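One structure, pasted below without further comment.
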Amino acid sequence: MPAAAPDAPESAQRDALERARRVRIMIFDVDGVLTDGRLWYGPSGESLKAFSVLDGHGIKMLMRSGVEVALLSGRSSAAVSARAAELRIRHALQGIEDKVAAFGALLSGLGLGADSAGFMGDELVDLPVLRRCGFACAPASARDLVLRHAHYVAAAPAGAGAARQACEFVMQAQGTLDAVLAKYLA
Amino acid sequence: MPAAAPDAPESAQRDALERARRVRIMIFDVDGVLTDGRLWYGPSGESLKAFSVLDGHGIKMLMRSGVEVALLSGRSSAAVSARAAELRIRHALQGIEDKVAAFGALLSGLGLGADSAGFMGDELVDLPVLRRCGFACAPASARDLVLRHAHYVAAAPAGAGAARQACEFVMQAQGTLDAVLAKYLA
Amino acid sequence: MPAAAPDAPESAQRDALERARRVRIMIFDVDGVLTDGRLWYGPSGESLKAFSVLDGHGIKMLMRSGVEVALLSGRSSAAVSARAAELRIRHALQGIEDKVAAFGALLSGLGLGADSAGFMGDELVDLPVLRRCGFACAPASARDLVLRHAHYVAAAPAGAGAARQACEFVMQAQGTLDAVLAKYLA
Amino acid sequence: MPAAAPDAPESAQRDALERARRVRIMIFDVDGVLTDGRLWYGPSGESLKAFSVLDGHGIKMLMRSGVEVALLSGRSSAAVSARAAELRIRHALQGIEDKVAAFGALLSGLGLGADSAGFMGDELVDLPVLRRCGFACAPASARDLVLRHAHYVAAAPAGAGAARQACEFVMQAQGTLDAVLAKYLA
């Protein structure tokens, strides 16, 4: 079971669960979070992105449980658009220079406060949003400074289950995970 | 040599061997079992899948020993069709929403009972078939709940030998492995 | 925080910081430094290269701090040109048989001495430039002989943060890193 | 420095050096030796192969030292042909069902005996050639039975330096490695 951090004290874990309980929208950075940070270039620029089937299942389970999911990326690629469309993620914000502004606009469009928003990021440029959202998440491979500002650190690698763990942690906090697991054991 | 699980008690290993002995058809999930779970997206969606040459050899050896092999996947891609054709896997079931129904139809078409079927899966959606088949297998990277329902857990990573180990385990249980090894030492 | 080498004595670390302080241009080899050394071939030859989003951020931060960045590669590919263009690296020297000559020509064109140049390489062919530049860097995966001639060894793997660490080390030595970090915590 | 095997007794290492000293042609299997064993499939079948720049440098150094290099693969792909052409490997034998026959024909065409031939393989199908050649090599990731028949086991992973280590071991045994290293330190 995912924990707030491998070596987090119990109070930090209770705080992370409390924050996750309030999440109405979970937002993911793309490169270094939904991927392992590798950028595949062909002759005409970036041409491929490697996503995780684990993360996809996690995002779909979380959405089905009633939590909105969004993407917030500084880069822009057709591969991300294709993946978002397949997962039916309606808010796939790409090519975002000012993540704080985009974060604010997304929330006000949905009538949500920052306390209702979770965000998983790994880079320095993600820090401003991580410090404003209610539930700040990072993969274990995030920059040191990012890890220090995260309420929840996923043990699984970025692009190979980190987002899935965050999704399950939110569902666990909200009491919606057990029903899903029970369905598969029926 | 593969074991039922790294820390399995002897009785669990005997049970796994007994179950593997009865296998007439071995069925594999694709993403997270025959691949490492990464999905490669280009501008128009999923465009590549990475299979293991080890697994291919294992599947071919198992088929030559007289055991049928099938694929059972929730997703669908031309890459899987191409790989299945190359390995001469006749039953490559893709885009399957209800894996239990497809599993049942496959077995009745072949006149086989669930006891004669092995299945290797890694995800929650694989649990219903894993709980119905005679020989439930998983890669070590499978979800915790899946591992708890597996009769056999491969130590090699998914997409890099997990399926190969399952194939060799079945052949070992059925007494057909040594003849193959001997051929290469003739 | 990156160090001159995991087990370097304090004097070696002071020497590395002193050398990094003088860097006006930081030059990177490509394969095995900005990538993990894998070459992706399709039917018509090399067709993909995998760069790291971490390294890209590091290079952009370093350039913004006033240090020039260049690439120096024995191979040549459109993927490298595309990545260099995106990062606005003006000097992307590819297909270079004689790296020492290209290194000298690059520096004299910019009116810089070898003491002002840092270079990160991993292979035997990089040794002549590494031995001439002021600040010799290598990823931990470099050949043994290269590691012995490096002033700074990055702990992060090649193609997954080694260059980023070198960029941050130069910025740390030059006192420009803290201002960047502070910006993201404002 | 590469050794005959991590835990090989001294006599085994002397034997490996003696065998490597006699090598006039070094032959490499492709999948699982020059690659990590992953097969990249697109809609129309296998479409990419990932080689190592390290192995390429090793093969070029070995050829320059006067040792012939060949490829011997059960599979066939345009990617291998492209890589072989770039490295100027004249004997790139692909789609080989009977590796022993191809091995014999290659050697007699060059007027060499099996004692003059090294071969690096990882699979059961490679065993017959490994048992006939003078210097049998394997990556550490090879099948157990293959490892037991190898005179030399490379510590570096397949597709990421295993072949390079074998090349350097042969050059070390033949006394041609130091001259190459010295050239880069001139």
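Per-chain numbering from 1; labels A, B, C and D assigned in written order.
Everything that follows uses one rule, which is that a contact is a pair of C-beta atoms (placed from the backbone, for glycine too) under 8 Å apart; a residue touches a chain by one contact, two chains touch by 3 or more.
On a predicted model such as this, the values are computed, not experimentally measured, just so you know.
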Field: Other chains in touch with both subunit A and subunit C
entry: none
Same-site or different-site touching of subunit B by its copy subunit D, using the half cut: different
Field: From subunit D, the most remote chain by mean C-alpha position
entry: A
Statement: Between the Cα centroids of subunit B and subunit C the separation in whole angstrom comes to 44
Message: How many angstrom lie between the centres of subunit C and subunit D, each centre taken as the mean Cα position?
response: 31
- request: Note the residues in subunit D that touch 2 or more other chains, in rising order.
  value: 47-48
- prompt: Viewed as a graph of touching chains, is the assembly arranged as a line, ring, star, complete set, or other?
  reply: ring
Message: So which chains actually touch one another? I want all the pairs, not just one.
response: A-B, A-C, B-D, C-D
- request: Would you tell me which residues of subunit A are touching subunit C in their complex?
  value: 31-32, 36-48, 75, 123-125, 127-128, 131, 144-145
- prompt: Any idea which subunit C residues touch subunit A in the complex?
  reply: 1, 47-54, 56-57, 77-80, 82-83, 86, 159-160, 180-181, 184-186
